[in-house]
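Two complexes are shown next, each including subunit A; its partner changes from subunit B in the first to subunit C in the second.
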Partner chain A sequence: MHLLLALLSCTQDPTPAETRPAAPEVQSPDTRLKRLTDAQYRNVMRDLFGAEVVVPSSLDPDQRIEGLYAVGASYTTISSYGIEKYESAARSIAGQVMDSESLKAAWVPCTPVDVRDDDCASQAIAALGRKAWRRPLSAEELELLVLVAAEAGLVLDDFHEGLEVAFSALLMSPYLLYRVELGDGERFDDFELASRLSFFLWNTAPDEELLAAAEAGELSEEAGYSAQVDRLLADERSREGLRNFFSEMLQLDRLDSLSKDPTVFTYMSDTLGPSAREESLLGIEALVYEDDASYLDLFTTRRTFLDRTLAALYDVPAPEREGFGEVWLDIADGRRGFLGQASFLALQSHATSTSPTARGIFVREVLLCQVIPDPPADANTGIPEVSRDAATMRDRIAIHLEDPFCASCHVLTDPIGLGFENFDGIGRWREVENDVTIDASGELDGEAFVDAWQLGELIAAHPETGPCLSRTLLKYATGSLSDELDDSLQDWHAEGFEGAGHRVLWLFRDVALSPAFRTPGPVAEDSLSEDTGS
Partner chain B sequence: MKPLFPSRALDWRVGQPLSRRALLGGVARGAVVTLALPPLAAMFNAGGTAYACDGVLPRRFGLWFWGNGNIPDRWTPTNTGDGDAWELSEQLAPLAALKHRLCVVTGLKSLLTNTVPHTSGAAGMLTATPLQSTGDDNTYGAATIDQVIAAAIGGSNIYRSVQTAASDCSGQSYTGPNSRNPPETDPYAFYERIFGETFIEPGKKGVVNPSLGLRRSALDAVMGDISRLNARLGAADKARLEQHLDGVRELEQRLAILEENPPNLEACERTPALSADFSDLLGRPQIEARNEAMSTMLAMALACDQTRVFAHFTHDPVSNLLFEEASSGHHDLTHNEGGDQPEVNAITVRLMEMLATTLQKLEDIEEGDGTLLQNCAVLACTEVSLAQTHAVDELPVVLAGGACGYFKQDHHYRSYSGENVTRLLISLQRSMEMNVSSFGSDAAEDDEGLSGIEA
Partner chain C sequence: MILLLALACGSPSSSSDSAEPDLSTCDASGGRQHWVLNSLLFVRVEEDGSSDGFDLDEAATDFGDSAGCGIPDMVSPTGQVGIDNAFARLIPVLETTEFISAETIIDAHIKNGEILLIPEIAGAEDLHQDECVSIALRRGTGEPMTDTSGSMLPAQTFDLDPEFPTVEIPEVSIVDGQVEGGPITLDLALDILDASIRFTLLDGKIRYQVHEDGTISGVVGGGLSTDQLREVSQAANIMDDVFELIDSLVDSAADLAPDATGQCTQVSVTLKFTGVPVYVYEDAFE
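For the complex of A and B:
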């Protein structure tokens, strides 16, 4: 029911077509091979072979560039250790397929007449290849892999074991490990469009229906393309895409390895990080799918989802004995919105203390898309230790704002970050620090606030908050650096997003329909941009 | 050749005199048996085939990197010179048992403009090349020294190089811009990598296992895919795919070595299986235990000639790793601890204890008439000197092992003129018998070695 509502509102353009100007005609970003991220690789394997298939726990780690794995995927390489791991994973998974009667039946749709049966091998390889490589294999590619299967089958004296070797080759191929969406300089082909849509909206490879639409040439047609955009967004699987985007943007994956001193933070536990991530993602899902509400509400909503771990941390009654339940926070709880959640508060802190500077940088860089320069290399960054004159973090880092040398940057971050000082390094509420009452007041770009409850409202009202989400989603969808995306196009999306009431599904659809997403730039010829170190 | 002492000790305790060794006789970790062994010379000249540095045993290179610098006043030894002329400083004291294998180098300087705190220093120390930008982020502009050396000397081994870490970190080994070689951070996974399917028991011949050949045939198909894909790419992606192809080739060669010509060095032996739980204790990584486990395996990976190059990281530049007994994360402390920074000092000393652990593992493995460490050059370094000010002069360097006598040993060399740290990188390459006429780029470029440390 909720989903249906979301679907309806999402397909109805809230800005009447006649009032929204046409998208500016600009150059699309250069096309680059994109590595599958760790999450995408796992999702693809799950979709192909089921949730039971065992994928090695450690693959080649993703790297963020401009805050997103999606951008890092366009620039980084797979290490030689990574090649080793992907080869090992491919052999293991191909082996699991042949060891499972049901998977074998699904992926070997024929009965071989001998240890070498090229027709049967060809059917199986073509079927898996089309799904795994997100396009039909060429005759040459098919022939080569059939030969691999035939040779291996003869050596091992077993058709299926031979086919397993060819399957492993398919699964470690660059056509699986990279998204090859290069276009021809003017347009992406149907399969490239299918892959782009699917990885953007579902964070996994196209399903059968999308591949079939690509084969039928429907994605080159406006109506066929937008019909698939709407279908993908209306499907439950788009939740995975939404969750992945916000997880990358808000760095929620880092919650798996929170390092906190439990003697300082007594509510710290191994489950806190994963619980905190789930709280944030459940809140975003509810805001987007159940309410189809404004993204800006993320910073003021009193609704959240807590399990027992988090309820204890927040000092509220646990809504459920097991798992997560809905909780409506009150001003007496001191916290609301994403910035009152343990995920943000714990991640942007040190192991034994808060970090107003890190919290402020996060707000500026991630939520407002502003760039805070690195401190000068010769900065002497010592701050006083806790003393009677400097009991609170605010007192201790006062030098950041008093010394003009430091203040030029810290004035941008600390007055925001100090607003969260009522929350300790894992997000537990506190009134005092070292017996001194905490002052959590401050200002955000000229607007004063008394505490984090009010600060949430200022973030929601900030003119850069909405545009920043739209810029970040455009970078995420295209895997491009900010500089590669034309400013006028970014502004056009941001204005549309505002006109649409900052509804997130609307924005996903708008970006999926964006010329920057649908049409390719030239293949990238640069090595890297100029030096910064000299 | 048959090993002289098949059950030779593998897990020496740091600081034990060589005549009394802790032997883990294939039993559970912790059950320590000590026994007296005859002096080295009597043990190793008997076979008459292997002498240190006679050209039979390979030279190896190790990068041992820690984050967040040192405190120069407590690091730099008072005197310079050889042997008794110099003494270890407070921060270097944990290396006492290995002083005769060390060349401590102080006073070197990175000549790159120090634009990005920590990162510029790391670029100077490891690449001698200015950083490059990708959007708002930076990456190294060239391969790091371990990869430069691995490309020259690592090619005939099962692993061209290996990367390990004693904590969950990114590591600083790069094959080129945005081409990071992530370190293995899990000792169990590293054990599997070294002593799993690629390990051939000493004295054994290559295995004729049809599955190895079939894996190569799958890799051949992958190389065909790479070649077809390459034809469609622009220069940026061609370079990335070249790295990919390189990795596939390395893997294919590994399979060939296992089939045809597995390395077979006398000192090689499987280390005891791991049983410890390495997970964090009270929010603090067990960095010392992980360092020791990794070091034991790294030493044997070298002794077994599985690789000739390693890069080992305790933690990254700017890491806020929470050390045992520290009141805050390491990087945080370097900036925020007042006075003469006793906590930062204690962490630096602790890191040198960890370095001593690694070096002792190498020293405890006999090779020819010397030790494995003598056949190595281990560069222990970090990205800044005093982290509080992000200083890139006075870069702290411990060079251990001497690379078969290439470098002075039991020596403190101080560069009073603040020589370019690139010169050290040039000397290191030359110690690995590489021809290097110049190295680095921009302000860091140099064409001379650091003659003051060469023997």
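For the complex of A and C:
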């Protein structure tokens, strides 16, 4: 086995990242308006008005395209129903601001002299507009909104109620709900760059320092731009960006609505899904920030973070009475790395059973960036019931590999997925299934393994694992589809990532500095439709 | 609902029937293993007349013997004579009264984790055979995790009640996965609606088997004072005629702890239990 692993990783020594040749000169992907994702909208509202402000729980749902909401945001608009939701949210939030003495004092930095006070309204609207729209308002925009505040104030006979109407207009504007980063065909302006950087690295709008740098024109300069990239990555808020990227890539947001049959999986509870998501994200944060270790270690590490719910599921002592604590799994434990975590194991399972096919598809598509065709529309995707001759999942889905019609795809997924059969449908370890000892052996691209532990080693050593993360991050940062991104540029980032020891923060920095991220491509024709309100 | 649950142990001793520990080789190295009880029920008389339990008074008595106040001992299902479990003979009568509801309530509290009784084996290198371990019965605290049927889930982690007086019983051996030790006093006190019910097993013993799947099953026995049984009857708010019935039964069943007049003051009782493996926070012992 060790020989196999050695052979898998026996490629040419990676070129050190520092000696990498210059990036290939290629055209950037098409530029599109991006709607804020649900998480981004909430983060922006939190940053503007604090965590106390209540944002409606249900807004317009995000759509995954190629596995990422960030890509979906480039290709979807806000629905009519969604516009009503955002309008309602804007009115509610503006009302909360005016009802709160502290928020009102923060956002209305002057005392109105009358029901109509255009100077005071102008100060307040300009300040909020600059933060909310991630750029200064134009004179025309400001004049229009001041007029809205004045007329509403006169009708309502109250300056602040009039200003609330103008604030509502700011908060429901397409300039807030969409990221208008279109460039001029050759370059993004400084405010567009600030917005791109901030949403990429922090998943929220620029802070004052970044806006000030944009205002001063520093982001157009190489040194100024690099300095801001480094500042944002060194800031604690970059953890939010990291968490959001991996949450999207690994589909961890779906854990909030995890649904399993608790009569089959007795450890299932309402808290299991959110706990499992946090375990994975804390592990990634520790690997990236505390250790600055290789991304590949994610698949082999014995370290994880558990709360009392997950500790019981994993059959280990809880490290803390409240919340999460670090746990080093026993050397003899069969559980290792992300692929031994409840998040992956439960999400890629059915409500009442495991799903070797779903687990195999996840490894192929998400971790190795390979494409598995969807099953034909008329394919019977049911799994045969347990019987005397088919007690284990391996036996029950054997037909997938015996029928040539099914095998063409299932041969790519099931031999991988069966490697996780020692974990049930929510990730609890098991040795037997229906009184039959589980065989968790299989093969990945010609390399045999005997259990999930060895499978994790093989995935870590797979030549596509590192490049896949690099490609996925480039898609995430630009909001572009895979085929819109030039292959040579994707390879260039992947080689750099390998040369940098697969360190994730290095990759984030590399992508932030990438020409594909910093330079606009042509504006996509379908991007500026009436639906966007732009 | 549960106000108090206390356990205290008297002077430690061990009494495995099948093996006397060789103290010269007593090396109590090894970690602590814990379980939490998930059922606790009175041991009844089997169809063949046997009943599980302990020889609490170390005497095999028959009808009319002065020892045991004339109450005959029983024979265990494995053939051990001298078993003191006089309460088992009362159960068929008590099952016709409200008194027996106390058993249901205790078991429900055990099952759903409101009462967390945590047996411990410390120093075991092998839970199947070990000549020198110590055992304890502790009280846990913490939010229990249960399955959809309300039963305790294995492998969860509990805290220990710092107010709970725990005395370990050292130098106990594990033979074929079984441990036995005593004396212990098990005090179960519950507030159920308006009634306070208290069961205190005096001068008791505990024995349990560690199974291959990690669970345990066993028995705990001791003496229940006749005065306390009457208090339970009153607390259970039963009808006067039923109380009179129990009052007369209690005295006629008493078989332990004779007073100066020779009247026995305790009724021997055995409860059977099962438990699942759990963990205890490491710093709970500090």
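As a working rule, the second predicted complex is superposed on the first by the 501 of 534 C-alpha atoms of A that agree within 3 Å, B and C clash if a C-alpha of one lies under 4 Å from a C-alpha of the other, contacts with A are read in each partner's own complex, and residues count from 1 in each chain.
The definition used in the following text is that a contact is a pair of C-beta atoms (placed from the backbone, for glycine too) under 8 Å apart; a residue touches a chain by one contact, two chains touch by 3 or more.
These numbers come from a predicted model, not from an experiment.
Looking at the shared chain after the overlay, A:Pro262 reaches both subunit B and subunit C. Counting the residues of subunit A that each partner touches, subunit B and subunit C differ, and the larger count belongs to B.
Legend: residue contacts after superposition of the two complexes on their common chain; A:Val165 is shown touching subunit B, with no touch to subunit C.
In the superposed pair of complexes, A:Trp328 makes contact with neither subunit B nor subunit C. After overlaying the two complexes on the shared chain, residue contacts for A:Leu481 are found with subunit B alone; subunit C is out of touch. Shared-chain residue A:Arg308: touches subunit C; no touch with subunit B.
Once the two complexes are overlaid on chain A, the subunit A residues touched by subunit B in the first and by subunit C in the second are 262-263.
Residues 262-263, 266-267, 269, 308-309, 311-318, 321 of subunit A are the ones that touch subunit C when the two sit in their complex. Partner subunit A is touched in their complex by these residues of subunit C: 142, 145, 147-148, 153-157, 159, 279-282.
Subunit A contributes residues 30, 32-33, 58, 60-61, 63-66, 71, 75-84, 87, 90-91, 141, 144-145, 148, 151-152, 155-156, 165-166, 168-169, 172-175, 178, 180, 182, 257, 259-263, 268, 350-353, 371, 374-385, 481-483, 522-534 to its touches with subunit B in the complex.
Of all residues in subunit B, those touching subunit A in their complex are 112-117, 120, 123, 130-139, 141, 160, 163, 168, 170, 175-182, 184, 186, 189, 210, 213-215, 217-222, 224-226, 228-229, 232-237, 239-241, 243-244, 246-248, 250-251, 280, 282-285, 320-322, 327-329, 332, 335-338, 388-390, 392, 442-443.
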